[in-house]
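Going by the order they are written in, the chains are A, B, C, D, E and F; count residues from 1 in each one.
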Amino acid sequence: MPYVNIKITRDGASREQKAELIAGVTELLQRVLNKNPATTVVVIDEVDTDNWGIGGESVTTRRAGGR
Amino acid sequence: MPYVNIKITRDGASREQKAELIAGVTELLQRVLNKNPATTVVVIDEVDTDNWGIGGESVTTRRAGGR
Amino acid sequence: MPYVNIKITRDGASREQKAELIAGVTELLQRVLNKNPATTVVVIDEVDTDNWGIGGESVTTRRAGGR
Amino acid sequence: MPYVNIKITRDGASREQKAELIAGVTELLQRVLNKNPATTVVVIDEVDTDNWGIGGESVTTRRAGGR
Amino acid sequence: MPYVNIKITRDGASREQKAELIAGVTELLQRVLNKNPATTVVVIDEVDTDNWGIGGESVTTRRAGGR
Amino acid sequence: MPYVNIKITRDGASREQKAELIAGVTELLQRVLNKNPATTVVVIDEVDTDNWGIGGESVTTRRAGGR
């Protein structure tokens, strides 16, 4: 019954990679806490780099600066 | 003053249906907990089926498999 | 498969009231969008009034001021 | 190490305005709670006005009605 | 730079199990998407069973009914 | 109408400090995006250090190791 929300920057993650995240985190919750995979929900949000900040700057700005 | 976030797969919910969700959940909170509708906030997120997992698989994959 | 998160201030909502919110929002999603109740997940967060702000003030402060 | 999520309606906030939100909230957490800016994460979600409700109505409807 | 939020029912997950979730999901994001573990943030929310609903019922009710 | 969620580790932030965060972020949204403070909602979540991970470790573990 767990609910997992994964937020990543929008950088072209493929359908296969996202499927791998879903499978992996569902398996992790089953292995560690014996959670039922059938009712484990995973939602992936892909966020534009203008809308993601770390260190007080957007990721867009950090990348432009080589950080 | 409640805040409600509704996440659904992106499957063409119409403007009218989303308005009905907003009205319905606001009314529910007023009826059950006497919450003031004027300050009840509802945010609906529509999520691509590649980005929604249940049972360890994406909804895209489940639907392709008839699940 | 929807996921709904309801945030309310911690004001002594009873188990029965919370059950009514869960039933009500699940029914709403079934009625409006034909969502399967079996996989509709609802999570209620009760938040201390010190930790909830509106109008630039905490709810604790607003209530103390009769707002 | 704080994580901040800012949800606003999608109304054409510019890259510069979003950068200002990121810088401002990071600075606020440093000033008030001495949080390390280097690990402060900010995510901004821009939400369609059809998907944002207040007062039991979508923002789209409210604006059409001059509210 | 990913942010992951894991919500589970409050059922006595130990500190060690939660550490295993944190390590596991961080490793998963590194392996699948090459995300930097140093800036991967994981937040685990443990939710009372009265406050978690599935199938239109709280988990408290479902367990009492042997579901 | 913005909604802001601030997550911090539970480290004894005082009522006054939390009020300062609420006031500060509300003022920021007004200044940068001309958002109406009256309907700006801020929710602060304080998270146990066992439940917060960064760099693949819980904050509890990091602090014990002087990191």
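Methods note: a contact is a pair of C-beta atoms (placed from the backbone, for glycine too) under 8 Å apart; a residue touches a chain by one contact, two chains touch by 3 or more.
This is a predicted model, so every value here is computed, not measured.
Asks: Using the contact definition given at the top, which chains are in touch with both chain B and chain F?
Replies: Chains touching both chain B and chain F: C, D.
Asks: Going only between touching chains, how few steps reach chain E from chain B?
Replies: Minimum number of steps from chain B to chain E: 2.
Asks: So which has more C-beta pairs touching, A-B or D-F?
Replies: Taking the two pairs in turn, the one with more contacts turns out to be D-F.
Asks: Among all other chains, pick the one whose mean CA position is farthest from the mean CA position of chain A.
Replies: Computed centres place C farthest from chain A.
Asks: So, what's the distance in Å between the C-alpha centres of chain D and chain A?
Replies: 20
Asks: Take the average of all CA coordinates in chain B, do the same for chain C, and state the distance between these two points in whole angstrom.
Replies: 13
Asks: Name the residues of chain B that each touch 2 or more other chains.
Replies: 1, 3, 7, 21, 39, 41, 43, 52, 54
Asks: Return all touching chain pairs.
Replies: Listed by label, chains in contact pair as A-B, A-C, A-D, A-E, B-C, B-D, B-F, C-E, C-F, D-E, D-F, E-F.
Asks: Can you list the chain C residues touching chain A in their complex?
Replies: Interface residues on chain C, with respect to chain A: 1, 3, 39, 41, 43.
Asks: Tell me, which parts of chain D touch chain F in their complex?
Replies: 1-9, 11, 13, 17, 20-21, 24-25, 28-29, 32-33, 35, 39, 52, 54, 59
Asks: Mind pulling up the chain A residues that touch chain D in the complex?
Replies: 7, 47, 50-58, 60-61
Asks: Please name which positions on chain F make contact with chain C in the complex.
Replies: For this pair, the touching residues of chain F are 15, 18-19, 21-23, 26-27, 37-46.
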